[in-house]
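Each chain gets a letter, A, B and C, in the order it is written, and its residues are counted from 1.
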């Protein structure tokens, strides 16, 4: 009942990451050349697409900022030896928290209300992630299963709340809640693109988390747990406390991503608006090998490839979802030990 | 009597630590005989058996098997480990019949077969319990029974009687001997118990430091002679150049165990060595003294505080430092840099204002490296160091805490002579600086070299604890073996 | 309320697949993708050949092939089984979209001329077959040597190796069976409808994993778990028009109950370990 005991260490082997990325990119380009209607044009729009206009630019940056958050969320958990597979639900719940706050608070509160709505999103996601941490700390319930199940439990609940009288809107063909008051919108930065002021929060947050994880005693203990759980335990680190905190923090970051989606982009809670963000965050965290600083380029690369593939498909130069294909290739190969690791020293005694 | 297997000039060196576990061993195993393999802990018995069973490949030499015989249960060779692997979710009867040919699984039938098989060994087992609840003894018996259901010709038993009572041990060995006679098979058993090998084996092989020291028969040897072969009196312990000053009898004890499997009372500046044969509870003691397993009985005091219920974190806060036997798992983070491996207790101190500065972390590593003459650069990964240097780094980290109690388990496992000497010097230094030191070791020789007091863990109790000056390797060996 | 056959049968097939893989120690997270792929393959081959036997063969081959790919990634390349399977879950719908677009010019709906839901005395044959399969899986797992080997390989590879058995081969076989069951589940779903609709599995591959733990990892309680899950799905369909009823809670409840069951199981196991202080041998 403990799949984690058997898991390979995803931190070992930087070369494997490079190979996985190369395989994914190579497959994509080869497919483009083989099946694209106009290979030369397809390649140009593939690599140039995400920067072709301020609209494309803005959307790419906005998507990157969200992926940085979910990538950080997954990194914080993975890096400390806790597996959070519940990102999807935590993001969605974060969106609901922000929505509820934005609809309840008086619009006159302006920026304060906006801040509170963001906090509500963080709190909602954090509580849901922290719950799995608490279950692990108290009863040693494998967080791999509980994060996933708790996420699966909450998604339909949020779905139905959107259409409940509490939040429902009349006369929209999308399944969506009411719009939040204008006062609580995060200002757009590069109209007509999706980029908004919330994206500016992300880089400072990376710095704070990066310093927290790479340069504080707290982060040191987290990393030690992720690398050598038994050793960390024997130095006297409380396994219970350090199961709760990273999962709570991870959930909070997911929640923030959901809140930004609601307050910045949709200005309402649209059903399934964040679908896939959590899984993509896991891919980004694995590409970054759970290093918070590396999450930024990893998210940028991931979004770039994703948008590029979408552009090509949208322009009809390629007949199917290219982006899903390379995401699949990355996920399939990213944890594979493509370069055999010298592990003989890992065996302790003769 | 035909030869079943020939070991020809076998050698095996472990690349991890450069120890030559088996050194040019040649031996023939015959049909219909029982061979006892004797040797101290770390003499290379287990490695030799693994080579014979085909679980390890020799560096030099070869294993020749009789025709029709090859490694693996189905092909006639089985190795019964002392702690056989098991699946907690299976029932004991399932554990026993796993891997037998036949497609259908019929519980009633299986239990009847198993009961018939087990009766021969004088055991009784509840086949319907889960392996998780069965306990090591039942598991060992069930595994043994399982193996006898296969068409075996060569059976290797690793310490088969370590956990058995005298009557059970006798029935088992008698059964094994009768089986070899009936089926013309061969049984090899590894043991520490001299009387057992004299009573039940046809031949006795004695190993020391990887070499085959003697090959004899019960008729040509005696308890005295075997004991002499295992712990030669001529091999005196080296006296340290810097003996520790005697400890004031008026000092209050800092580390006390009362009513436990190993009662002791230890003052600052003393080094207590505890040794035992395998299976006598030393591994359990390590876990109990460090708070991993609950104490089955009795109390433990550290600096006057009752710590019987404390976790490792609580014990460390009260001044316990611990160098575990599992040095790459519990003792260090192999794939982290050296600096990360030395700062777990210093992290808060090295981070004024909450920020752990790279310069101060490296500075701390350098100062530690200078004081303890450690190898390596702060950014270097731990796995790149040799076993001796890794152990020294762990010890330096623990000693720098200025611990009230320093507990070391198997501190010199896999280390070469020079590294050992350095280790012993550091341990004595810790005692001189005022730590009470406990060493759990399966090597009597090492305790004689470094400890001020030594006791033997046997039959679930600490026996004959007294100052080192009143011990010799020979007397320690006798106490270990229970030869009076 | 009628019995939710149409939801129950595919779910049970997938859950049995999840069970076999979990018992062998390599939980098949790719079931969702394999269900989708099975559903699509069935409609595709049926449309092209009109031969039900060929269709079944294609569906089985699809499930087996994707599972072999997963086994290669996790057992040979030592990739993390969870992450690699997530990759497959992304790959399969993408390829379906491509094939569908190339052959039929759209990625959405492919309709057959007829639906397939053979009945016997008013009961759907697939339903009966799925129930029978559950009994067969129970028999194989707990009453054959192979089932025993499978369960052993899921919990202790050392034990399996010490008896001269090949743990990787056992795991691969279990994964292949798991993939085949998942693909068949998908095929039942689409053939019963007589059409391929994008996203037809609607998360049943994930729900199958919930059913696995809710069903206590045993085939017979698993049937009850699948029935409960199918019912709640059906019920929420009825309740769609009644916004005052918390249908979301109803849909979320099975997962929540599963968490509770899982936590209780973990807690009791832990309690058992804690209690057993090592006895002193004398």
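The working rule: a contact is a pair of C-beta atoms (placed from the backbone, for glycine too) under 8 Å apart; a residue touches a chain by one contact, two chains touch by 3 or more.
Worth saying up front: this structure is predicted, and the values here are computed from it rather than measured.
Participant: Using C-alpha centroids, which chain lies at the maximum separation from chain A?
Facilitator: Computed centres place B farthest from chain A.
Participant: Quick check: more C-beta contact pairs at A-B or at A-C?
Facilitator: A-C
Participant: Suppose each chain is reduced to the average of its Cα coordinates; what separation in Å results between chain B and chain C?
Facilitator: Chain B and chain C have C-alpha centres separated by 45 Å.
Participant: Can you check how far apart chain A and chain B are, centre to centre, with Cα atoms defining each centre and the answer in Å?
Facilitator: Computed value for the inter-centroid distance: 47 Å.
Participant: How big is the gap, in whole Å, between where the Cα atoms of chain A centre and where those of chain C centre?
Facilitator: Distance between chain centres, rounded to whole Å: 27 Å.
Participant: Which bits of chain A are touching chain B when the two form their complex?
Facilitator: Residues in contact with chain B: 9, 11-12, 211, 215-217, 219-221, 223-224, 227-228, 230-238, 344-350.
Participant: What residues on chain C touch chain B, complex-wise?
Facilitator: 142-149, 151-152, 154-156, 158-165, 272, 274, 277-282
Participant: What residues of chain C sit close enough to touch chain A in their complex?
Facilitator: Contact set of chain C toward chain A: 25, 27, 73, 77-84, 86-91, 93-95, 97-98, 101-102, 107, 206-207, 209-210, 213, 236, 243-244, 246-249, 251-256, 258-259, 262-263, 265-267, 269-270.
Participant: Could you pull out which chain B residues touch chain C in their complex?
Facilitator: By the definition above, chain B touches chain C via 72-74, 81, 84-90, 94-95, 97-106, 132-133, 146, 163, 261, 279-281, 284, 287-288, 293-297, 459-461.
Participant: Inside the complex, what are the residues of chain A that reach chain C?
Facilitator: Going by the criterion above, the answer is residues 1, 3, 6-8, 10, 83, 85, 135, 138-142, 144-146, 148-150, 152-161, 163-165, 168, 279, 282, 286, 319-322, 324-325, 327-338.
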